[in-house]
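Shared between the two complexes below is chain A, which pairs with chain B and chain C, respectively.
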Partner chain A sequence: MILPTFELHHPTTITELVEIARDLTAQGEAFDYMAGGTDVLPNYKNRLNPRPHVISLARLAGLDEIGVDRIGARALVDDLARSSVLSEHYPGLVEAARSVSSPPLRNLGTIGGNLLLDTRCWYFNQSEFWRESKGYCMKADGDVCLVVPQKEICYATYSGDLAPVLLVLDARVTLVGPDGERTVPLREFYAFDGITRFLKGPAELLTAVDIPSSSRELRTGYRKLRMRDTIEYPVAGVALALHTDGDKVGRLEVAVTGTEAIPLWYGDLDLTGQPATPATAEALQEALVDRVTCYRNVPFPPGYRKAMTGEYARELFSALVG
Partner chain B sequence: MKRTIKLRINGSEHELAVPANALLLDVLRNDLHLVGTKRGCDMGTCGCCNIIIDGRAVNSCLVLAFDVEGRDIQTIEGVTASADDDSIHPLQEAWAECGGSQCGFCAAGFIMTVHALLENEPQPNRAGIAEALGGNVCRCTGYKKILDAVELAAGRMAATT
Partner chain C sequence: MARHPHDPKNQKQGLIGQPVPLIDARRKSTGQAVYTDDIKLPGMLVGKILRSPHPHAMIRSIDTRAAEALPGVHAVLTGQEAPNRFGVLPVSQDETALAVDRVRFVGDGVAAVAADDEATALEALSLINVDYEPIRAFLKIEESLEEVPDELKLHTKTVGNTNIHKQVQQDFGDVDGAIDAAKWSKRQRFLFPGVTHAFTEPLCTIAHWNADDRLTIWSAQQVPHYLHRALATVLEIPMHRIRVVRPTVGGGFGGKSDPFPHEMVCALLTRKCRRPVRILFDREEVFYNNHGRHPSKIEIALAIDADHKISGLDIDALIDGGAWGSFGVVTTYYNGVLANGPYRLPSFRYRGRRVYSNRPPSGAMRGHGAVNTRFAYEILLDEAAHDLGEDPADFRIKNALSSYTKTINEFRITTNGIVECIERACDASGWKDKKGKLPFGEGIGIAGGFYISGSALPIWWDDIPQSTVHLKIDYDGGVTIHSLAAEIGQGSDTMLAQITADVLGLSIDFCRVLTEDSDTAPIDLGSYSSRVTFMAGNAVRRAAEDMRRRIIQGAADVSGYPTELLVMEDEHVVSVADPNVRIPYLNAVRRAMKDVGALVTTGCYSSAPPMGGKHKGAAAGLSPTYSFQAFVVQTKVDLLSGKPRVTEVWAAHDCGRALNPLAVEAQIEGCVHMGLGQVLCETMDYHKGNLENPNLLDYRTLSPSETPNIHPILVETLDPEGPYGAKECGEGPLLPVLPATANAIWDAIGERFYVLPITADKIYRALLKQKKQGRYGKRPFSDQSEKSPAR
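Entry: the complex of A and B
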């Protein structure tokens, strides 16, 4: 499929990249940053919100380090999946990375791109021909949501695998743009609907992910539901982080993906002090299912996906208690 | 508007003019006539277009040509038993012997993926091979013959090194 026409920029330093972004913004020219291209290019091929400019990160130096505290945004998903340092401290993150898409796509895709993954929907991820026939949705070319017909909120589903694990680990992301650098807790980064997705300015580049040392006490795990064991996006995924205090829950963090327009961390789901037993695992299952909402816009019925988040939470809790 | 690009493919330097939005797959097939690399789904989900860039198997339908200037690109045309001639590679030999290819459309993508795998892990087990081939789709063989072919080739290659 021929890509739409765009001008391609290849900055080699962050300073150069910020200058290009500033100039394009000043000229009123829209652009996308592109690292691996595994999310941007299929969307461009389907004519889903292509921009006249693409700023490629292919020739940028660095930003690909993998450490216990900091992961560069350009680190390949495959490198995360094979990282011994991450495997030692955050096995849940490695599990999630190993489950992303397929091996060749993990060789292209980056952690930054995975966190910023565009939302997906039956009515959005289709060819131009299909969308024209059905009628355009508000996420591309139209003004109404075709999942829940109204014009206020886009219900497309977020389906990144790394975000839920990084949410339970309380990671922070660093953003660099024309107005300087800032660090945002991932738990405050995702916001609103399937179009807005996160509080990142269009010219801001995600450069790094930091994991606080206090998260090293947590045992982490990730489970997900998808149509096939490879390639497919998750349509329900759960990340759990647990620290036990004797035979009681010391700290428990839960996050899900593949359910709503953004990955969700359930900060109100507090089981501190509860015994680390199968009964608590069942209480967690029930509490999570109560909170999860799914929409009919990706494979598998919403009720099944919702129930599976509870199943996975229960399984993970028991596995992490060990 | 076309710009000059320099690509290193199968050890040879190529200089040509392509537009900024050119995909590596299109440059390989249309400009350089290296048509062993196939266009399948064009969305990164079938693996027919897999090639090797700097030792990693990737989908060439999702790579911009200008992003890989200066990188080491290998296509199925560069997979030979010996660098001096175009004798067939043990993987291709095993593919033919085991019936790893029926219609043949996916074969180049599979072989490139496995070629990259065996460079890093010369003796993978059957589960490891299947996992590495998680991004390649074959609609004919049912995969058993493909896994047989990889095992046969890996065994032979290990025996001769």
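Entry: the complex of A and C
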């Protein structure tokens, strides 16, 4: 498969990048930002919403630092996976990074790209020939959803591994665009359906991820359901952050990925103050399964994926209690 | 003391039995090997095929005018221009280069273009206007059994008015009586989705109709000779005007063992525009070309008598052939007849039906036709053993076929290492200490296997040998080996070189193996049915022995010593009687060349001696010898998620003689990896007419992370007809992997699975049920719970 034709832009500074984005926007030209390209390019090859312009981040300097408070958007997933700072404070984030795809792709993919990963679906991640044969879906070239036949929203599945951990850590993302810079809590960033996905303007660039110092008291973990141990998106993933207050749950944060169109933060599921016991772990399992919905558009039956979010939450809770 | 030249004990250790690295390994690992797609010819065009978006439709018309008018387009082709049918089997000539009047699956070729570059070719395809009339598609295997009007038959030649392609029936002994009298019997249905080869190198073909009016075709192929024949049929030109070249092949596994439509298309396009044309498939096209293992529904009944001996086996296999015949007639037979080993069967009945459907074609895949039935058979054997209080390994030994016997369907069994395989796999794995004794969630399982070592009869019944090898030695002393035996990564080039070097007492670097080019290489029928080592191995040995006679004659002429006392070793001709006689190899060769020039010899392997019964289909499954295998698999199930993990495989395989233990072990490891893929994760999923996962992200082969520790155990039975005693090792070792894994999962958690693949969700559901029923975690398990009557 060959790539469609597009014009490639190579800014070397953020200022230059913002200028290019502003100019293209003014001209009504659509574009994508591209860092590692591990998500963008396969989709382009399948002719999934390719744009006439691509702004590459390859020649930008910086934006790749990894610190306890701030991670640059261009930090490689593999560097997260090997970071001793993160391993010390946020082992759950390191676990999630290690579980992303395979070593070669972790070496290209960035934290920013992983957070902004496009949603996935059997009826979407296919070649143009396949989609023409089956009938196009609303996410690309069509106007209906083939998973849940209707015309309103897209049920494609969010499949990033890092987002749920950053959600439980209450991370914030910094966005830079023609209208300046702003910071958005990740918990408010993801929204709507499998097409819109998040509150980022098309010209805005995600530049950094900040983790509040208050999150350092949390113990974190991540569990991922996948058929194989490698080269897999999560078809259900659970992140937990826990702070125990004596033998009680002081703080609990729960988030999932691989279930619906966006990663979902469920807060503490009303378990703060409960004893840190197996019974609470089971209550957590039950409460989470009650809230999770899965659709039949990625591997494994929805019922199993849903059940596994509960199993993993229970197991993870017990592991974090120690 | 004088050595006798013909006593093996007195001969110097040669290359046979030595671990020899494959002679093309360095080329491949450094990127120097030339695959078809690496070939760049001046003026080469890009060929692309327009594919059907419908599973079943009539073609009302095709308008190619706009595509032809597009600048940069040099040829446009439709099916009407080449309607001659072809196929790998003489009885199933049902394919055409492109669809002539109907399309039969999503992905079926409809038209083709040759253009300056890929973008132009793709644009040209988009300009071709095909007017389709969609008709009823046959997407469930049972639908193809229905009687339908002629226009709904996928092909004219079917069973009655149905879409059944082939139906076979065999009946030996009294199966019903055996079931009635059985101490233990069970009938069970099994379901197997289709799986595909997933070879690394996508299909690629280059064709050039040159200024001499000759066609040269370079193609990723396992059977260049059958491609040669099919090209002559479709292009209506004599074979001598066609040259078939098989460059380095990046894996085949049966998926490159048919002549393919795109090869015809490539040849037809170059004939039209007289420029070289290259067709390289993307992975999705490889999936549509498929020819993988048939989706199958297999019902099997097993009867065990009071002595705990197998008394009857009844198999009913319904297999989905997809759109074309391919090897399907053979597959239909193999699903039954290859259950006649490695255990004694006093009665055997088989009904096999293969249907046409509107899906990508099924065909031959490693372990062709034997894999799914083997799974079903070995599961029931395991259940019988447990129910009867027998150790599953001992039970299999008790029922094993003997050596030098005949099966009830009249297969001639010669050497047979099944018992040694079972014993050694059990010893190595610690079977007795582990079976039924591991913690809940961990288990161990065993299964046997049996496979042909080359089909006794060729596909086209004519009188030419199945394999011919030419050797040539000239002034430089290098040995050139010519044969069309197709190296597809399995090591056949190395085997040819190793045998030649061994016979001539040379190091292997004297040999250069030229197996790519039909202009220079004598015919070998190709790499299918695990025939190459057995047949080409015998042929090359004969050619090399003839060469040795001629060189020794040269040495005798130089030295005056009688030929009877001369042998070749260490690049010399030496006398077994007199250590002072030591004629350098080159001196002997050059003397032998006196008056005749380069030394040229030939060796052949023709079909085995007449064998087999007189019943219909008696030839199916006949082989000059059979391989036997028994594997023990250890597994650990993640009790939280249900995810099964195979941790260890002890793989004992009777390969007759391991000519090259390194290559045999590699074949066993490859078989284990591939078999585990089918039992644990691989499946071709369809949504109506569309294959849902035509890519290697969603079609899941086993990753390196799941690959277990594999312990190959080489059992050598020294087959009297195999070269140096060798038999096959490329396919048989796949057979036991699947059932041994399922049996190990049973030993781990006490659950049987009759639908492949055995994925985490299925195990999770079963464990949940156990918890509800209060039997979770409790050994021993019982197999009795869901038994259905055999009659």
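For this structure, a couple of remarks:
Everything below uses one rule, namely that the second predicted complex is superposed on the first by the 321 of 322 C-alpha atoms of A that agree within 3 Å, B and C clash if a C-alpha of one lies under 4 Å from a C-alpha of the other, contacts with A are read in each partner's own complex, and residues count from 1 in each chain.
Assume a residue touches a chain if its C-beta (ideal position, glycine included) is under 8 Å from a C-beta of that chain, and two chains touch if they have at least 3 such contacts.
All values derive from a computational prediction rather than experimental measurement.
When both complexes are overlaid on chain A, the residue A:M1 reaches chain B and chain C alike. When both complexes are overlaid on chain A, the residue A:K248 reaches neither chain B nor chain C.
When the shared chain is aligned, chain C comes close enough to touch A:W130, but chain B does not.
Contact with both chain B and chain C is seen for A:D229 once the two complexes are overlaid on the shared chain.
After overlaying the two complexes on the shared chain, residue contacts for A:P299 are found with chain C alone; chain B is out of touch. Residues 1-2, 5, 229-231 of chain A touch chain B in one complex and chain C in the other. Chain A makes touch with chain C in their complex at residues 1-2, 5, 122, 125-127, 129-130, 132-134, 225, 227-231, 299-301, 304, 307-308, 311-312, 315. Put simply, chain A touches chain B in their complex at residues 1-8, 10, 34, 36-38, 41-42, 45, 56, 58-59, 78, 101-105, 107-108, 229-231. If you check the complex, the residues on chain B that touch chain A are 19-21, 23, 26, 42-45, 47, 50, 56-59, 62-64, 66-68, 113, 131-135. On chain C, the positions that touch chain A within their shared complex are 51, 53-54, 106, 118-119, 122, 282, 284, 640-641, 681, 687, 689-690, 692-694, 697-698, 700, 702-706, 759-761, 764-765.
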